[in-house]
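Order of writing sets the labels: A, B, C and D. Residues in every chain begin at 1.
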Amino acid sequence: MDPSRPLIMGHEASGVVWEVGNAVTSLKKGDRVAIEPGFPCRRCKNCKAGRYNLCPQMTFAADPPYSHGTLRKYYKLPEDFCYKLPDSVDLDEGVLVEPLSVAVHASRLADIKVGQDVVIFGAGTVGALCATVAKAMGARKIISVDVNASRLEFVAGFAATGSYLPIRKDSPEETARNIKNVYALDEGPDVVLEATGAEICIDVGIQLLRRGGTFIQTGLGKSKVQFPIVALSEKEITMKGCFRYGAGDYDLAMHLLESAKVSVRDLITCVFPFEEATSAWERTKSGEGIKTLIRGPL
Amino acid sequence: MDPSRPLIMGHEASGVVWEVGNAVTSLKKGDRVAIEPGFPCRRCKNCKAGRYNLCPQMTFAADPPYSHGTLRKYYKLPEDFCYKLPDSVDLDEGVLVEPLSVAVHASRLADIKVGQDVVIFGAGTVGALCATVAKAMGARKIISVDVNASRLEFVAGFAATGSYLPIRKDSPEETARNIKNVYALDEGPDVVLEATGAEICIDVGIQLLRRGGTFIQTGLGKSKVQFPIVALSEKEITMKGCFRYGAGDYDLAMHLLESAKVSVRDLITCVFPFEEATSAWERTKSGEGIKTLIRGPL
Amino acid sequence: MDPSRPLIMGHEASGVVWEVGNAVTSLKKGDRVAIEPGFPCRRCKNCKAGRYNLCPQMTFAADPPYSHGTLRKYYKLPEDFCYKLPDSVDLDEGVLVEPLSVAVHASRLADIKVGQDVVIFGAGTVGALCATVAKAMGARKIISVDVNASRLEFVAGFAATGSYLPIRKDSPEETARNIKNVYALDEGPDVVLEATGAEICIDVGIQLLRRGGTFIQTGLGKSKVQFPIVALSEKEITMKGCFRYGAGDYDLAMHLLESAKVSVRDLITCVFPFEEATSAWERTKSGEGIKTLIRGPL
Amino acid sequence: MDPSRPLIMGHEASGVVWEVGNAVTSLKKGDRVAIEPGFPCRRCKNCKAGRYNLCPQMTFAADPPYSHGTLRKYYKLPEDFCYKLPDSVDLDEGVLVEPLSVAVHASRLADIKVGQDVVIFGAGTVGALCATVAKAMGARKIISVDVNASRLEFVAGFAATGSYLPIRKDSPEETARNIKNVYALDEGPDVVLEATGAEICIDVGIQLLRRGGTFIQTGLGKSKVQFPIVALSEKEITMKGCFRYGAGDYDLAMHLLESAKVSVRDLITCVFPFEEATSAWERTKSGEGIKTLIRGPL
């Protein structure tokens, strides 16, 4: 693609199969599919070792210079990056498989176990989906933290067992202490999923964790932050960076939807026709609702 | 112990068994032993789960308010925290089992594999010992980084396969790039062991790592640092805090010494008699040599 | 204990605290507790490494020559091997925490993940509890296999999503094929939990598993069996022996009961007063019902 | 390939690149390479999850109906399954990269750690290479067991620290006890690598292991064997099937050769010209020497 030309946006998408190549066996024209919008080289060490999301030659939608995005009539991708939607999941919900896979990837990296306590920073799409995936994995307490009260309220009704709105004047240490006290997380939670990228959330999250706990960084914010390194050392916390999704994540997301262990329906707060795509972007920018969709003609 | 009273220092120590309790079966008066200077409650969840270094009730030498240190004539501890020295290891070397166990713990947390490339920040006692443990685990390239040229030179002769003296005006990004170029670490090392606690080293270490690499924080410095969180996320780095040593670390340290896979003899650059202990502390403070010992009368 | 004297039986038990030692802080007279009926030395390598169930000096109830069993008025054990029962769990259910912990241990060794398919051999107490724990961990298909039709029926109503009564004349290969066909386990299940110890079940279980699957052997039968070793190799199956329960298993069992993710009430098919203990043993021997309890006077 | 036609044999091979496709960047005509003789579909769940050796659509040399073997003038395979030989490794040694990768795969599955004790059953090519890889990984005691005294002698000189020739009349239990006694393996070895497939070796291996030890089955023999299942359960042994080699195994094999941590030169006991290939097969069948090579004209 030519970098001087405009970029087609979009990497969360579902669609209907229009045409398949000769070698394709698992899909046919007319199949409704969720789209995994990046495919790897399949040949480098990361690909072969089972971590294709770390492939340096990934072709990812709307990620210049490699590829335009999905917001268009036709999109071509390999057979094994299309996932047939079950009858119970419609095309709108199919769009949400992408952020659901982000949450699945984070939760699998955290290796959440039944009975564990989880605190999630961020109550937007990914944060809310992390809460519901944590629940499906059997988490005990699932506490959502956000500065946006209406999002918090949504997540509390959706999947979290508790929510916390930080007091702005509190230090990270005080916020951590408060969350522990309010939710009786005596030694701290087993897992923190950080889905904001905000410096203060990262700080509070590390302070909060129990000794030997796990911290997953899935949100992206500014490139460098003030970080409580000594707390990480003294508690022997394991912290893992989290990037997109990889082997098995879309499969698990599909299972969670099909089995109704997870529902994404309530996250879709608004749908625009393709012709009004610009309004969709503007609404998203305004922070209203959770997820705004653009629906093309079929 | 009374916090208003002076504290006996010391947590790196070896000695000769003076007396044993009735139930002791593996030790007898006269045995030469290395001392693991902290013992846990054995009953909490961390202890039972195999991570006794995270026990909240650890009794650690010279760590008020629980316990005085080892720098005295008699020191009492449980049988299973004494490790009999083989004939080939003398009492002076036995003192070094403690920092060697720190290096063993860090290297085991990193899970260094044969053929992996390792970069170690810090060329003091722990950094040097990390290099030699990495070598025993089969690491390929072992690059030591420090701002002290004489320490670097020592480690290069001791166990590292290469060394790097950072240029002070370079940014973390530049330093990371230089280390990669000088040592042909194309995609970056598999493992970084950070043994300084210095902000800049932590930053460079994260920048340096290959995608999917592992970062171990064993050094302690200031409590918060500027940290390249986006680089950690995008490369899906695993970062682990590292605190003292735990199950099996002293055992492995003893094996490394007994088998001569590791030698600590050259780290002992100076020995003072007990009466001149103050001079030993002063010399250590001056930064001269690697390890200064205090030898008591036997 | 004197091996020429009769042995007090019993290792599944709950009770009320009668007296506590001076150092006990978490329990008091009158507390209702589930009993973990074996405690380890806390000092050997296995204990320190977090696998105390492999302690060679375990003192286990009704396991001569170390210890009599729990079927008596007073039983003495360390504080941290007593687990306070929540109000919602009665003393009868408290007895079942022991076999539930066996199932928890097996399921944790298998590391069952949300969305995985699990086949369980044996529909007795442990097999049934494995099914309910697998469900709590998020398993997708949970297929119970047993030759006893009434037990199968019970487990299907209790926690399994499907059940299979093997046809006696079928070879292990045919039985494996049939189970796959009936339950559309295309490549085979991810996990097999073997809770019978029967040669044929072990054989079928290995044949059944998908490539890279996990097999847990928790049942004990005859000491040597015909085993399909080439199938294990070619599919790179991981097979783990499973012995009692260890760190965290009772804790998780308690959580599962308290949260009502697991209920053991329906497993208790008969309760005898202490004076009729003999009848209880006879009923158990007859194979009637699932679990027969002996209730002492309080 | 036509199954009614003869099969070209061979899957251990090295060669010189004759021609490359347009997209190939890492190889050119004239490069000397070791050949990984099977390539996977790159698209199935096993491939994407990092276990391509479990790909059901593997195209493996001399494995009908998919592919002829390597024993011919030209052999075509994907770029990333060719491994450039360093100058220090000749084409004869390059042939041995295949069995070396089998040993690497087994040793990595075992996750041999520095200081661990390893017993290896079988002193043929794979058994000998397992010994040398175990050594490179830092194993302490490496005991080779075989009924062929001359092979045992070879391995003892090559890489093992001890060897044991079983007494034929001994039971598996006695043989296990003897090996422990002779080599002071008090609680048993940490790892057993079984490279024979013989029933008695598998039995002895399980009996021998310490509690919590790891058993790797790499040898293939008869499809079912008498197996000590209760010993596996009570000691919570982890047993893993081992099939060929996968992601990273050839890379590590190449590193071991290039770094001279492993040398395969001494295993090559005989080389025949291509015209006398039949004699090579006959010599191999006779059991003489370790490895017989067939060298083509270049």
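Throughout what follows, contacts are C-beta pairs under 8 Å (C-beta built on N, C-alpha and C of every residue); 3 or more make two chains touch, one makes a residue touch a chain.
Computed from a prediction, not measured in an experiment: that's the story for all the values here.
Asks: Suppose you list every residue number at the chain A-chain B interface; are over half of them used by both chains (same) or under half (different)?
Replies: Homomeric contact, same residues on both sides for the most part.
Asks: Averaging each chain's C-alpha atoms to get its centre, pick out the one most distant from chain A.
Replies: D
Asks: So how far apart, in whole Å, are chain A and chain C when each is placed at the average of its C-alpha atoms?
Replies: 37
Asks: With chain centres defined as C-alpha means, what is the inter-centre distance between chain A and chain D in Å?
Replies: 42
Asks: Multi-chain contacts in chain B: which residues touch at least two other chains?
Replies: In chain B, residues 49, 51, 251 touch at least two other chains, as defined above.
Asks: Can you tell me which positions in chain D touch chain B when the two form their complex?
Replies: 108, 113-115, 136-138, 140, 251-252, 255-256, 259, 261
Asks: Within the complex, which stretch of chain B touches chain C?
Replies: 42-43, 45, 47-52, 78-80, 246-248, 251
Asks: Across the complex, what residues on chain B touch chain A?
Replies: Touching chain A from chain B are residues 46, 49, 51, 53-54, 56, 109, 197, 202-203, 211-212, 217-218, 220-243.
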